[in-house]
Amino acid sequence: MAGKGKKVMVTVRKAPHGSIYVQEGIEVMFIFATYDMDLSVVFLDDGVLALQPGQDTKGLGIKGFMASLGALVDWEVTNVYVDRQSLKERNIAEDGIISIGKNEDTDEPIRPKVLDSADIAAMMAQQHSIVSF
Amino acid sequence: MLHTVNKSPFQNSALENCLRLARAGDVILLLEDGVYAAAAGTAKSSLIEQALKRHAVYAIDADLKARGIGTLIKGMRSASYGEFVDLVEQHPVHAWL
Amino acid sequence: MKLAVLVLEGPYNHEASDSAYQFIQAALAKGHTIRGVFFYDDGVYNATKLMDPPQDDRHISKRWSELGAKGIDMIVCVAAAKRRGIVENVLVPNVRISGLGQLASMIDESDRLVTFGD
Amino acid sequence: MKLAVLVLEGPYNHEASDSAYQFIQAALAKGHTIRGVFFYDDGVYNATKLMDPPQDDRHISKRWSELGAKGIDMIVCVAAAKRRGIVENVLVPNVRISGLGQLASMIDESDRLVTFGD
Amino acid sequence: MLHTVNKSPFQNSALENCLRLARAGDVILLLEDGVYAAAAGTAKSSLIEQALKRHAVYAIDADLKARGIGTLIKGMRSASYGEFVDLVEQHPVHAWL
Amino acid sequence: MAGKGKKVMVTVRKAPHGSIYVQEGIEVMFIFATYDMDLSVVFLDDGVLALQPGQDTKGLGIKGFMASLGALVDWEVTNVYVDRQSLKERNIAEDGIISIGKNEDTDEPIRPKVLDSADIAAMMAQQHSIVSF
C-alpha cells in the first residue's frame, strides 16, 4: 500500500549480477511495500545498470531478478526514480530503460522516472530513513 | 543529512558519488577505509579539500589511528564513535556503500 | 534517541560489523536505545556460534549475543540466512531468525537507521 | 593442462564462485585436469551443507560436492574456516578441511593457478 | 600474461590499475562486473579503446549477455568460458581483484 | 627456505583493516615461505597502505597484523617489493615505510624494496603463478 507512514528510501548503487546486493535490495522493496511507509526507490551510480534492457542471466546459470524488477509496480513499489547523469555516463538511453509494470488502463509500460541529481538529493533530504545497497 | 563513506578514494568512486549529490551544509563522515581520503598531500586529497568548502567533514579517529594517518587535510575533523552517534542524532543518514 | 542498526557484511572479512559494534557501544554509553540490529546479506554470518577465531582475536558472534542478552532485539533475515546456511541450531543465544518485515518495523519504531556494509 | 583454482568469495553474494564453477566445467569439457579447488577468505562459505537456496536457484555447495565426487580435490582452508564457523560437520561430502600448505602443493603440481574473488 | 578484471570501471579502479602495469602484448580478460568496461559509448569506454592499441581484450560472453551489453567497443572480442580456458593455457594469470 | 622451486608471487592490492584480505594474504606468505618455491611479494595500489608507519588498530578492538608484517624476514619472506607510484599517490615516503625485519649483522632495518612499475611488470611476467589479494 502507498501508505502515509514514514518516508523510507531504498537506494541501489551497485552493479547487478557481480554481487547479490541489487537482488537483495529488490527483496527489501517488495516487503517494505506491504508495510505502512511512504516508500521510494532510487537507482543511481552503478545501480542504474540494473535497468539496462535485454539482460539475460541464463548463461551464468542463475535465475536473475529481471522478472522481479519488471513487477515492481504490481507489488506496489511505485515511486521509482533513476539518476539522469548515471544513465548518461553508462550510455543507457532514458527511454530505453526496462519497464517496471504496466498502466492498468492504457497498458502502456511504466518506467522509473528519470530525475536530475539535485532532485534526488532534495528527495533524499526528506527521508526518515534510507536503506542503501 | 549525514553521508557516510567507507571506501578508499583510490580504489572506489563512493566518495565522488557522494559529493556529487550531497547538498551544501550536509555533513560527511569518513570511516573504515574511507578515512584514507582524509590524508593530506595524496593524489585524492583534492576531493576533501573541495568538499570542505560546502561541508563539515569528519573521520573516525580509531580508523585514522589504525591506518597510521597522521597529517589530516586542513579543516578535517576527527570524531570518536560517540561523536558519530551525536551526528546521527542530528541528521538522518545515507551510507554510500 | 531510538536507533535501528543494519549490518550487511560478514564478520572478520569486512570492518562493517566491527564499526556497527563500536557505534552501538558508543550509543549505549550515551544513554540511547537500540531498537534492534538487523543482519542482512552476508551480515547473517555474524550470528553463527560455530565461529572459533584465534584466542587473541575478538569473538564477533559472542559480542552480538551479549548485546542480545541486554535485551536488544537481534534479528537475522530468514531469506538471506537460508541461502547461506545460517539455521536455527547454529545461532548464538539471544539472536533470532525472522523476516524483512522486522526491518520495516524496526525502522518505523526508531528515530534513525544506521547502515554498515561494503 | 593441470589447473589449480582458488576461490576467495562466498556463494550467492559474489559471482566469483559461479565464475569459478563455469570455468572448471569448461576446462573439464576440454579434457584438462583440475588438480584441486582451494577455498580461502570468505570462499570457505561455499562448502556448507546447511545452505538452502530457493528451489529455482542453483545449489552452490552441492555443485562443489559433485565436482568432489568426480575426484577433484576440494579443500577449505582451516584457519579461514575456523574464524567463520565452517567446521567438519557442516561440510558437504567430498570437501575437506586442510591448511594453506595444500594451496602451495596444488600450485606446485599445476601448470596454472586461476583465482576468482572480489 | 593474462590479466583478469572483474570490477565495474565506474566504481572501481582495478582496470586502470591493471592497464598501468600490463605490458604490450599482454591479454586482458573482462569478466563479471568487469565487462561493463566493454560497452561502447560510455564515460569509461576510452580505457579499453586505449588498451586495444597494446592488448587483445576479451569479455566473457555470458557476463555480457547477463548485463544486456549489446554494442561492444570496436576491436573487443567476446569469449566463452572455453575460450577463457584456452587463454589460461597460453598465459599465466594475474587476477586484479 | 628461499627454495629454487617454481616462481610464485603474492600481490597485495587492497587497503588494510577495512577488509581482511591483507591479513589473510600475509598468512599465505608465511606458509608459502616454508615450501620449496621461489616466493616474491608485491605491494601495489592500495596494498601499499599496509606499509604506512604508525598503524595502531587497538581502537578498533582488533589485533591487526603489524607484528606479522614486521616479522616477514624472520619467516623467510625476503623478496618483498613495493610500487613507487602507488606510494607517491598516497603520500607515503619511500624511506618511511615500515621495516619487515632486521639485518642480522648490522641490526639495520630491512624495508620492502621500492620498484618502478615496469620492473614489477617484468617480474610478474616471469611467474609460474600469482596469488592476488
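Per-chain residue numbering starts at 1, and chain names A, B, C, D, E and F are given in the order in which the chains are listed.
The definition used in the following text is that a residue touches a chain if its C-beta (ideal position, glycine included) is under 8 Å from a C-beta of that chain, and two chains touch if they have at least 3 such contacts.
Just so it is clear, the structure is predicted and the values come from calculations on it, not from any experiment.
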item: Chains touching both chain A and chain B; value: C, E
item: Centre distance in Å when chain C and chain D are each reduced to the mean of their C-alpha atoms; value: 28
item: Whole-Å gap between the CA centroids of chain C and chain F; value: 34
item: Chain F residues counted as touching two or more neighbouring chains; value: 14, 17-20, 45, 60, 62, 128-130, 132-133
item: Sequence positions of chain C contacting 2 or more other chains; value: 8, 12-13, 15, 22, 41, 57, 112-113, 115, 117-118
item: Chain E: positions in contact with at least two other chains; value: 6, 10-11, 13, 32-33, 62, 92-93, 95, 97
item: Chain pairs in mutual contact under the definition given at the outset; value: A-B, A-C, A-D, A-E, B-C, B-E, B-F, C-D, C-F, D-E, D-F, E-F
item: Complex interface listing, chain E residues touching chain D; value: 6, 31-33, 60, 62, 80-82, 84-86, 88-89, 92-93, 95, 97
item: Residue ranges of chain F in contact with chain C within the complex; value: 17-20, 60-63
item: Contact set on chain D toward chain F in their complex; value: 4, 6, 8, 40-41, 79-80, 99-101, 103-105, 107-108, 110, 112-113, 115, 117
item: List of chain D residues in touch with chain E within their complex; value: 1, 3, 8, 15-16, 19, 22-23, 25-27, 29-30, 32, 111-118
item: Chain E partner contacts - residues on chain B that touch it in the complex; value: 10-14
